[in-house]
Structures are given as C-alpha cells and as structure tokens.
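Chain IDs A, B, C and D follow the sequence of writing; residue 1 opens each chain.
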Amino acid sequence: MGNLRDVLSPFTAWKHLIETPVTIRNPIGREAADGYRGFHQNDIEKCIGCGSCEVICQNAAIDMVPVSAPVDGDSGLRPKIDYGRCCWCALCVDVCMTGSLTMSNEYTWVDADPDAFRFIPGVDPKPWDDMEKGYRREGARVLTGAERVEMGELPPEARIDNFDEIVVGYTREQAMIEADRCVECGLCVATCPAHMDIPDYIAAIREGDYDLGLQILYETNPFSEVCGRVCTHKCETACAARHEGDPIAIRWLKRHIVDNVSEDRRLEIVGTPQALPTGRKVAIVGAGPAGLTAAYDLARQGHAVTVYEAQDKPGGMMRYGIPEYRLPYDALDRDIAVIAAQGVTIKTGVRIGREIAMDKLRGEFDAVVLSIGLHIGRSTRIPGTEGPGVEAAIDLLARITAGEEVPVPERVVVIGGGNVAMDIARSMARLQKRKHGAVGVTVTALEDFAHFLADREEIEESFDEGIEIVDARGPQEVVRYKSGKRKGAVKGLRTWAVTSIFDGQGRFAPQYDQGDERLHPADMVVEAIGQAADVSILGEDLTEALEWTRGRLAVDPAGRSSEPWLWAAGDAVHGPDVITAVADGHRVAASVGAMLMAMGEVAR
Amino acid sequence: MMRDLHDHLKTRYRLGDLAERRANLAFVDVARADLRALLVELRDVHGFTHLSLLTAVDWIEEGRFQLTYLMNNRTANRSLGLRVFLDRADPVGDTIHDLWPTAATYQRELREMFGIAFPGSPRVDEEFILEGWTDMPPYRRDFDTLAYSQQTFSDREGRETHDPRAHMAKKLNPEGQR
Amino acid sequence: MIRFEPDRSQYPQPGDDGKLEIDLETGKYLKLWHGPNHPGITGNMSVELTLCGDEVVEGKVHVGYLHRGFEKLMERRTFIQVFPIVCRVCVPEPDFNEWCYAQAVEELAGIEAPEMAQWTRTLILEMGRFNSYMMAMGGIGGALGMGVIGQWMTYVRDLMLDRFEEMTGARIYHMFILPGGVRGHLPEGFAGRMEEVLATAERYLADVDKAMFTNAVFKARTKGVGVIDPALFEPYGVTGPNARAGGVAKDLRKDAPYLVYDQLDFEVVTETASDIWARAMVRRRDIDVSIALIRQILAKMPKDGPVMAKLPNVLHWKIPRGETYVAGESSRGEYGYYLVTDGSGYPRRVNVRGPSYTHAMALLEHLIPGTNIADVAALMVSLHTYPPEIER
Amino acid sequence: MKDIDKSFRKDTETEFPLREELKPRSVTAPDGQVIEIDPLQDYFCQEPPKVHKQSYFRIVEDFYNWARAHSLWILGFGTGCGAIEMRPLMTPRFDAYRYGIQWRPTPRQANLLVISGYLSVKTLKRAIRAYEQMPQPKYVVGLGSCTINGGMYWDSYNTIKRLDDYLPVDLYIAGCMPRPEALLAGFMDLKKLIRKGKAEGANKYAENFDWYKANQKSVIKDWDMPDYNW
C-alpha cells in the first residue's frame, strides 16, 4: 500500500482552482496562424488556366471551368474547387505555375447544403478573397523545374569567321532534364501556328522514344528540322513555365528529336503515301516552306504534285534568307528529301511567268498553289538610297547563299531591327572578319531595346560577335561623299533619335528628336526593313481578274483566291515566318484536297 | 557484413543474389521450400529475432506474388528481407505463426487482402479488416478501386472539367485545322 | 497489496486442442463488445470480450472500422500525390508517416534532403512524439478515471498544435515533410514561443507526477497489472516504449540513428517491471527526453539554408525499380514504410508497418485473458495503440 | 441510384445469412428451464421510425426548439479522423460545455451524431445503429470533405462518398479536418437551425425510410441485422 504522501499528493492538483482559466473567451472565428492553409484564393488576372493544380490534386477536387475567352497563353479556364474533396495539402499552391493560387487563413465554412461547397476562387466572391494572411509558397517553385537547361553554343571567337552552325544542340541528358520540366498543360498548342502536338513530342523525349517523337512531329510539320533551328517559337511565349522561370526550350527539344533520328530511319518512319494515286495534279509555285508543306500533304493524299522553283535549289527563304550559321543547308536538304520521297516533283530554276505562264499551269493542273514568298527588299526611300553602296538585305543574303561575290567593305551600317537585319549584320560580320580580320557592322533600329523586334538571343549573340547595335535611331539620309576621289560613294548614315514610333491610334508615325543627330560612318548601307512579294509573275490579265486587299492577294481563310483554281499560301499572303508558312501550307492543302476530292466524286 | 552472411547461407540454401539497399538492409530471393529452415537459422543462429513485417507484392505481369519477410537483427541493427515467390494462380504460403505468433495477424491480412492462403494459421479465414466483402481481394493489382468505388458509392453530381489544350483547340480552332 | 483472487474452478477449461470451450447459452458467460462506440476504447476499434464474472476469459480484437485502403490508394497516386495521404494513416502522430515515406522515396530516387531539412524534420518528429505521448498520458489517466489528466494533457498538446500550426500551416495533418525536404523555414521567434510551451508542459507534467504517478489509486491499479513477459517481446514483435518498459534498451534513434539523431545527446529510457505502471512511466520519462531534444534541436540547428533538394518534375516523376524499408522510432515503437517501385510513376506497393499492428492484435489478445474487466481499458491504453495504423 | 455493374456485385442475389445470435432458438437456462427465444421479435422493435409531430401551438414548438438548441448532447463515437479535434472541445481551452454541448457515451442519451469524417462501410453499419438508437429529435452533423463528396478517399473501395445517401445530414462543416473553432461555429449554426425548426433530418429519415434502407443495404453487403435497430 502506498504511504500517506501517495494519498495526499493528488490533492495538489487543486491549486489549479485559483489559476487563471486557460479558456479562450471567444473561440469562434479565432484567427489562425499567419501561414495557415485555409480556404483558397486565386488571382484570376495572374492565373493562366494551365490546369497544373488539377493534375496534381490527388483528390480530384479541382475542375477547370471556362471563365473567360481563351487567348494566347491563357486557356480562359479557372480552377473550381470542390470542398467535398479538398484535403488542404496545398500541392496546388506549390505547383501553381504563376503563383496565382494561394490560401487564406480563413477556415470556417458551415452550410446545410452539401452542394454549396464548390466555388471558383477569385470569381465567386468569398469573404476571404482579400485576406492578406495565409499559406504562400515559400520561395521559388520547386515541384517542377524553373530553370532552362542552357544550350551549348560555339564561342564568339570560334564562330565569327565562318558560317558553321552556332547552336550545338542538347545532349540526351540535357534534353531529358529540359523535357522533364514540361507540365503538359498544352497552352502552347493553340499558340503554335501549326498547332504542333508539343506536349506529346516532349513526352516522347522523356520516354526516350525518338521514333515516336518524330512521328508526332511529322503529323503537323514536315519542316521539323528547320523549325527545330530557326522557328520563332511563339509557343515559348505561351509556355506556362515562363511565368516563374524560363519557358521550356520547345524549339531545341524539337531539334533534339530530329537530331536523334538518322536520315534513313526518318524516311522509314515517315514512309511514302499510303493513299492510292488519285490522278489529280497540283502545281505549286515556289518551293518554300508553305509550298513544300502543301506539296507534302497533297502528295500524301495521293495527288501528283509538281513544285516550280525559280532559284537553283528548293527551300525558298529558308535557304536564301536564313544564314547558314543558323540553318545549315544540309539540315534543310534532309527535310526536303523526305518531302521529295513522297513523290513530289520539284523543278528548280523555272520561273513561272517567264518560262511558263500561269495560264499554262491552269490548263495542265487541277489546282495551282501560289507560294512565292517575299523576295523583293523594301527600301526606306530616304535621300541617298538610290545609287551604289546601298543594298537590300534580302538580295545580299540570297547572293551569299548562292555563293556569289558580294561587296564586303570595312564599315557597314544596317537599317532595321528585325531578324533579317540581324542575319545580314552577322553574315556581313563574318565576311568582314574573313576579309579584313575585323568586324565593322552597325545596326540602327527604330525600336529601343525594350521593344526590339529581333529575338533576344540574336541581339545577345550579335553583341558577342562584336556588332554594334544602336537602338531608337531613325534613318534620315544616306550621306555620300560630295567630292574627292570617293565622290558619290557612301560616307555614312545620318540618323535622329526616335521619341515614339506609333501615334495615339497605333499607326506607324515615328517622331524624332532632331537635336540628337548622329552620323554612322559606313562604306555600305544595307536596308533590312521588310520585303514584298513579286506578284508580276501573275501576268496582267490574272492580276486584273483577282481580288486584292492592300496590295496583297485576297484569299479566304483556307487560302483560296477569288479564282477557284488558284490558292495562295505563305509569306506572300500571311507571313511572317517558317512555322506560319507551314501552317498555311497545311491549310491550303486541306482546302485543295477537299476540292479535288469533290471533283473526284463528281467525276465518278 | 550482409555479404558474409549471404555467402555463408548460400552454401546450404537456395538463395538468389543479394540486393543491397543500404549498409544495414538487403533483400534476397529464397526458394519457398527453404524458407522455414532459413528463418529458424536466421533467428536462432544469426540473431535475426525480430520480424519487422510480412507483406506481399503482386507482380501480376509475372504471374506471381512476392512475400517479403523482413527480418531484423536488433543487436546489430541489420535487416534482411527474404523474398519468396508464390504462383499467383494458386497462392499458398507456409504459416510461420509458431515461430512468431504475431505473424498470424499478417497472414490473416494477406489472406484477406491478397487472397493468399496460409493453411494452419490461427483464425486465418476469419474476417479481419473488411466486413461482408464480396469482391476479389482488394490489394490485388487487377482490382480497380476507382471503378469499384464509382460503381458502389455515388458521386455528388454537377461536376465537369475541361482540358486546357482541348478547350483552347475547340474555342480557337473549331475546325480542327492544323 | 490486497488483490481479489477469483475462484477459477468454475471457469471454462481448455479442451483437448487447447482451445476454450465457451458455450454462451449456458448463461455462465457474458459476451461484451468493448467498442467501437465505447468511452474506454482507444479510437474506433473494438474488443469482443467474453466474461466469466468480472474476469475476461477471452478477447478478440476487431479492427477495420477505419480501413480506407491506403495501400491500394497509394498504388494509383503519383509519388507526389501520395505525400498528402500518408499522414492520414496515423492521426495522432502523422509526421512519422510523412518522414518514412519521404525518406523511402528519396532513397529509391537517389535524392538527399538538405541539412536544414534534416534538422527541421527531426524537430517535427520530436514535436509529434511529444504530442503523441500527451495523448497517451491523458488516455492512461482517463482510462483509470482521472479525467483531469486528460484535460491537462490535451491542453498542453493543443499548445504544441499551435506551434505546429505556425510552422507548418495546419494543426493535425501537417503535410510538411515533402519528399526532397520540407516545405519551409521556421517562422521568426519560433524558438521563444516553443520554449513557453515546453515550460508550460513541464509545469503540468510536474502536476501529473503528483496527481497520477504518486497517486495511491493509480499505483494500486497499475503496478503488477498487465505484465508482458519480456520473453514475449521478440515473438510478438513488441518494440518501442512497450519493450523499454520491460528493460529492453532498444531505441532506433540511438541504435540506427536516422536524420540528425547522431548529433543529439539523449539517453534511452527504460523501466523493468513491464506492467502498466512501467509503460506509463517510460512514456512519462520519454516526454522529458523529447522536451530536452526539442530544446537541443532548436539550439543546434542551422539558422538558414535550403530546405528542398532539387526534385525532378513531380508531375511525371518516375522512380527506378527497387524496394526499401525505412523505419524509425515513433512514440509507439518501430514505425516503418516498405516501398516497392517498378520504374513507373506510381509506387508498386507501399506497406505501412505500424507498431500498433503487433501490439493491438496478437499481443493484446494474448494479454487480455485473465484480466479484470475494469483493467482492460487501462491495459489497452498502456499499450498505446492507434487503430488507424493497424488497418490503414 | 446508379446502374449496378454485376461484376462488382457478386453476391447481391443471395441473401446474407442472419447472424447466429439473431436466429430463433431454444435455450436451456442453468436451472434447466427451456426458453424459446426469437431475438428479432423479443429484443428489437418491429416498427419503422415515425415522423416526430410538431406541437399544435407554434409558441410551444418554439419553446421546445429553444430548449433543444441549448442542449446538444453529442454521441462520443469517433468514427474517423475528425474525432481528434473534438477532444480539445471537451477541455477548458475551447470549453464547448459553456454552449450547452456535451458528450455522452451512449446513443440513448445523445441527440447529436457527429460523423467525424470518412465512414468505412464497416463503421457505417455501426453509425446507422447508433443513429437509430438515438431518441428523437436528433441531428447529424458531417465533418469535413469526406462527408460531403468522399474527400480524399473518393476512390477508396471501403469508404462511402456521400453521407446524405445513408443518413439525413443537417449540417456540414468544411475542412480536412475542421478545427475546433470551426466545429464550434458549426454547432452554433446548428443551434440556429434548430431554433428555426429547420433541422428536420430525423423526420426526413422517417419519411424516406425505405430509400435510406435501400441505400444502406446497397453498400452494406452483409446486412445481418434487423432493419429497425432501436
């Protein structure tokens, strides 16, 4: 038996009688901790509706419901949360690609109606919408990779005196890591002009199944090798990962797939047309991306396709506009080889309108597709542009590709801030380095760096290569020597500083600060401010018969002109890049194919 | 250390290769006929006196169940997982409740959740966790818990979700053009 | 000590096969369902007791009332999706599940959590242990009619839950230990507020010592009652405080140090009697160890540093084929996760080895016969079992 | 109710046998007397529950409701995780007793059944018995996601998804799990409902008794007990 202490000591508990009670006076609605995981909040302006929250939710508590119209990079969907499912684990907050989804520290919600516990945070008003406290993700997004795998490049000193390809391409390991970052939301698909199945081929990389990846690429784009190098990758601007980190390197991943499938294997996978020959004939004018894509599609449908190309080699702007250091010719040749393998006849060195008239094509073929591109360089028409020493960028690029001799003076000034300006500047820099051992190129652009048209990496690489880029300069005059031995030769470009480019209505109307005038010394001025289509090939009668809008051939959404046998595609009607041209090619091919099919039905 | 033990035992029992996970944890395949003798030796000679757990893994593609006997030597703090494979079509295990009485509980669970029979194990056929279960043993891989749940218990209606990619394709490119 | 010794001659005798012949229809026996809805049961489980007089002649444990099929559900969730559900396996001490799972995944995926995360995890586990012991302490008091002990302990536990809340963002299911690290850093001034809680706890624990452990009634009802023969420890898989109460100085924190326990200074608490009192006392003294550990961790842990290792994209995270077993010393004994992966994005099999599994089933059924009906609740509580981890 | 896929209902055709102790039999008492017993007749009620009639006078009914609202006696049956947050309510810190709320160990003394989260099918069976044994008027509160739409066990084979298919729920409290403060807020709301006479779950149960029974029996496949459990 216990002693007396054992009996008495329990009574010491009575001292609590005189202690202050620990009771919380008003427990209902007591504020939770600052970082409490309470009810959800969503900044719907910031949210892009990528649905990663839905994917990660293991309770199937989140539905994506339409709230606004979809636009590039925003599906218009917003998460609707079912509090009959939620477990407040906040993985949705942690995975949120934009950081829009958070949690308040509110926790009281009582209702007699079980169907009431569903709401769209940020859309359905709730008392906790504006609460400051609650769970926020600490630091950067960690559940999905935020940083892009850096792409290997030739260093400037190794690349400046040659036209070798700069970009090295990902190794398998690098590609795997980069592909792993994709959250497969698919927002990019709508933004891509050709609607490529981007998440699918990225998934194929993760699986290491390059054959499958290539197959997916070819479903939407026969120029994957080209696009894997020079695509303007609008998709990456819609990428969910860009909001808190770098967008997925979609372009490089595409290239990675093609790089990892041998040429023979590629021909094997793509195969030849499975459709029976239809006996229908289609003529395509211009072997650029739009024309060849249309040719590929139509050939796969079983039609006999003939492509006419004025230049010596097919490829159009891809060959004659894009410098070799960005797109090696053999890469382009490999893509074209697959298209040719579909039974497409490509006749090069044939200029329609000169050697063969359009009318003849009309007579010989069931349909004609015009994909002539933009091969005439526009001029600023400022004083001094007429005369020697002023060149159009597009002409120069084509001549460089063709292996012709081009003038390479020690000082060159380029007018323009787009990718073509960069292309010619960098090509000239290479030629200068070879010839003179030094780079002397200045690029003058209307836009300031914040609004530059050329890709950021183009600008950075240009700087690396020693090219001077002066932003916000408006060209006023090509100054020529008035006298002396070099009379009439180009002396330089006079520019004013730009204060604004567009007026209040958004029209192009540059304003200058005339006090800020500079003369950029030059021996040659290259204009790279845009191109135009050479529509003279149509001939007068046809030009007369067709409808036009603002100098461009008028076409319906499917690319058909006002003449039922004539379609137009590519830069000439839509612009401005390879992937848009590819998309255009598909569209036109579908329209042509439908027409041919209808003809077939009638004939039968 | 584990390797020494493995080399030592390999001479007398049909053992697979030793898969070392950590310095103090390894797994090894054991022929079913050798299991009991091996367990007894491990317990009585090598100090693996503690049965950490006994459970099964369903390798449905390979048509067999894996029984894992995780033995622990509490003095040396080493664990050895013994893997015994049973034919999935007629899974019968050997009871070890007389070696470790607590194994009877594990065996009851395996009987109920995987449908592995352990003849002779006490109360092995009694209901353990489930009650009135009429379907196949639920831990088997071919049992689809989601489908079962959807069939058996009703969801609250009115939920609909949209895939961002398909939704955008439908809204922005209704004709499905490429 | 006076003990009532019943006349056992009237009791059922084992038959030839060693089993009791109990014919309820004779009217000599009473079948009593202790649970699932019963104030003297440790959670939602039940013990089917057969009584002869007020002595229990047979007890069958019934579990499964809380079975949610976790192990099945985990097989159809990705590795990150499993993270929120593991803590639900054991309600009163959820953190152990989070750690075991995270550790197992990290091991198979070849990831190492940063040092800061290791310390934070240790802190969380000790806080969880403290809370779990508080429930056990209150439960033992409650089972023996000392409701006030339960009131005090629940209050102290609640203070600790407040610390959990500010640290992790939740009271019960903290979901803080992600595979790869932990979700965040400690808030400003956390150590100071923790110290207040620990001081309050110590004050209340001193009261518990006086009101319970020196209480004549408590001693009379627990000493020598519900003795587990240490020879049964191995066959019945008894681990943790239940074994330490029988003099087995085994503690995985010491024997197979995980996290940062090898950098902490503490001793393994043991008792020798192996009865209810010893089991309560081991836990009581282990609370002191936990308190000291929390103080040590807060003093020694790094002030800043990364808390997450670099993870692959968790939305399609695949782990190569492999299997592992990760165990630690929970407040109830060896708590482990057996994880099997098959190279896919989902676990092939997850098996949770909860200490209650062995303690509440085979061991309890072995201990119950021969006890007085009034002691059954105390016996169960002293084993400190949580039903959700038995059936999962 | 859903169309039922036969592959998931293997034994629905065969009636589950009644539990042994519920079968009629004759028993010999220790003194040798033989007694015929039929447990279903002898121990259980044969009547389905009836609608609890309101008082004829509005003022009397209001008074009753006022009284009912101020004595919520909760059945201390922790059916799932959420029970752990009920415990703090019973202690001085949150002190639910000051609001007239207390816990009772037996259904016979309780008028509020709190389903604390998910219900496994096995517990559902007990919860139904507990509910039916409670005297009228009685109320049911569902805690957390699980009672509303299955919560995180939405794809589990062993937990129900919608509590209102099986028991009449008067009020739901969101959370996983709801904090003690949220529970108190819920109980306060329940009081308001009771005072307004809107917490009529028990009557709904009586009125739709067959529907509830059919739902209950569709998931409790070993229905080996009487239909009326009071």
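In the analysis below, contacts are C-beta pairs under 8 Å (C-beta built on N, C-alpha and C of every residue); 3 or more make two chains touch, one makes a residue touch a chain.
Computed from a predicted structure; not experimentally measured.
Among the chains in view, B has its Cα centre nearest the centre of the complete protein Cα set. Work out the mean CA point of chain A and of chain D, and you get 60 Å between them.
With centres taken as mean Cα positions, chain D sits 29 Å from chain C.
Chain A and chain B have Cα centroids lying 50 Å from one another. Chain D has its Cα centroid 36 Å from the Cα centroid of chain B.
Along chain D, residues 92-93, 122, 148-150, 152, 154-159, 162, 176, 179 each make contact with two or more other chains.
Of all residues in chain A, those that touch two or more other chains are 22, 32, 58, 82, 84, 87-88, 114. Shown for chain C are the residues in touch with two or more other chains, namely 64, 67, 69, 72-73, 76, 84-85, 155, 173. Taken as a graph of touching chains, this assembly is complete, with every chain in contact with every other. Across the complex, chain B meets chain A through its residues 156, 158-169, 171-173, 177-178.
Remark: chain C residues 1, 77-78, 80-85, 148, 155, 162, 165-166, 168-170, 173, 175, 180, 183-185, 187, 207, 210-212, 214-216, 219-220, 307-308, 310-316 touch chain A in the complex. Listing the residues of chain A that touch chain C in their complex gives 1-2, 5-7, 9-10, 12-13, 16, 22, 32-37, 52, 55-56, 58, 87-91, 94-95, 103, 135, 138, 142-145, 180-184, 203, 206. Residues 92-95, 98, 142, 145, 147-152, 154-155, 162, 164, 169-176, 178-182, 184-186, 188-189, 193, 198 of chain D are the ones that touch chain A when the two sit in their complex. Of all residues in chain B, those touching chain D in their complex are 130-135, 138, 143, 145-156.
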